[in-house]
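Both of the next two complexes hold subunit A, though its partner changes from subunit B to subunit C.
Let's turn to the complex of A and B:
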């Protein structure tokens, strides 16, 4: 279990690429600096798309945690 | 569009067992996919509009009034004029609205997401004599995901036809790390963008515009200069959805992706842009969903068990690639997108569809 406090969790399981990333971008657009967002994605493309966008946008990838058939991506809005 | 199709199909299926009312704020039916062509001077406003009454069966009541509130408890819709209407089954086909004011400095940007915007953009292009044209996306989801790509291809043709392409730069700013949402089709069109000297910048989610310095800045921290800026505005659901507590934080209606029923309220259905279903906000989705919702609602009216005709996520779109060619994009929930190589026949198929739309689609004559 993770001890990180998540401000908003997005359950994007079952969504095809790039749905999970689009939802994350939308949430971070609306969010405040310092808030932590979690995306649950079962899409293979998310494993590359989400870290690539987080790096480009200079946010913080707090954790990438595989689960049963999906992955938790936990991102802090850094700016 | 989706509401018109569904109303015609329900009235036809149910006959005198149902009284179908279409409530529309303007009474004018607008073919929105045509805005793209208005923006580059290949279409004009008059051919994209018809009176809604002409497209509805005669046994349907058309109420030209703006819905301002839905009460799902009393099953009642209130209108701007003060009147109200009770319902047994309610289909929400209210679409989306564009919110350019959500983009700081964005109010002066051009767009092709309204008739006024498309006409204004064409005027600006007519006056354009060379420089940098930037096309960016200021919020997702937005209507017709391929539209910005189509626009840059058609813009390339337009500038070549005027002999000013060599004096012009076209820059496409994509919110994703590819041309648009669908990876397979992006792989198909990206080499064509390069071949036409259209610059693609990925992961550029427009955040703000400085109209004095003529720059646009992304959420990712990059800034690009422009002489003429075209933005896909942020979209959200209609105000009546938000004011009635029927939607999420952006006004999209929580909708079952197969049955098209509201996930919280009985006897409410939603189709097209209105829903929160993670699928393209496009005319084809509204079209296919309308036939499913109409079948389901008709079954309820007739007292039958709901038919096994669930929405399977079917999408079929054309994508103009310029030089008189186009491709198509087809997929559903279980099958990934497939796009054939661009060809003239798809371009002509799209134009034929646009021309025959008025006699086929609203009436539900196309499955």
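Let's turn to the complex of A and C:
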């Protein structure tokens, strides 16, 4: 287990590309600066897309943690 | 995403659901990454954007083999119209009907789905595309 406190977790497992990313974008837009968001995704595209979007949108990629058949993407809203 | 990004401009010609979906995925990705997106609807793609026709079955392109077509149909991704709504929600998306194609099929703006922003000629589309890429699908 990681020690990061997640403010909002989104279970996007089973969603097709780019669904998990779009769910993350929607959640971050509604959130507050400093809040931490987690997306669970089994979509292969998320592994490249979520870090690319986080860098582009100037948020903070806190953690990318593989799990059983999916990945936890943990992102802090930075602005 | 403060710096001005080059637009991505897609000419949608094909009206089959697989090609419209592939185009919509490009549009949503570009919009998410902060690029303005211009869609120009021609020929069979224009027909797919007629009011009341968006969600009907637009078939799969003839490129799909007998084995591939059912796989494409069964894929659980969002409908292309929903992907375009997502693109519009996260970014700057303009969907314009080609004036020539509108004329060819005797269509008016009010015959089109609300996703369509307007009708324009090819020169106006190229002006919007400016120095960004133009892809034909």
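Assume the second predicted complex is superposed on the first by the 79 of 79 C-alpha atoms of A that agree within 3 Å, B and C clash if a C-alpha of one lies under 4 Å from a C-alpha of the other, contacts with A are read in each partner's own complex, and residues count from 1 in each chain.
Quick note on the criterion: a contact is a pair of C-beta atoms (placed from the backbone, for glycine too) under 8 Å apart; a residue touches a chain by one contact, two chains touch by 3 or more.
The model shown is predicted, which means the values in this text are computed figures rather than measured ones.
The superposition on subunit A brings subunit B into a clash with subunit C.
Of the two partner chains placed by superposition, A:78 touches none, neither subunit B nor subunit C.
By the touch criterion stated above, A:4 is placed in contact with neither subunit B nor subunit C.
In the superposition on chain A, A:17 contacts both subunit B and subunit C. When both complexes are overlaid on chain A, the residue A:30 reaches subunit B alone and has no touch with subunit C. Contacts of subunit A with subunit B, set against its contacts with subunit C after fitting on chain A, overlap at residues 16-19, 21-22, 25-26, 29, 49, 52-53, 56-58. Put simply, subunit A touches subunit C in their complex at residues 14, 16-19, 21-22, 25-26, 29, 49, 52-53, 56-58. The touching residues of subunit B, counted against subunit A in their complex, run 139-141, 175-177, 181, 183, 203, 205, 207, 219-221, 249-250, 278, 336.
Residue ranges of subunit C in contact with subunit A, taken from their complex: 1, 25, 28-29, 32-34, 75-78, 86, 89-90.
Only residues 12, 15-19, 21-23, 25-26, 28-30, 45, 49, 52-53, 56-58, 79 of subunit A touch subunit B when the two sit together in their complex.
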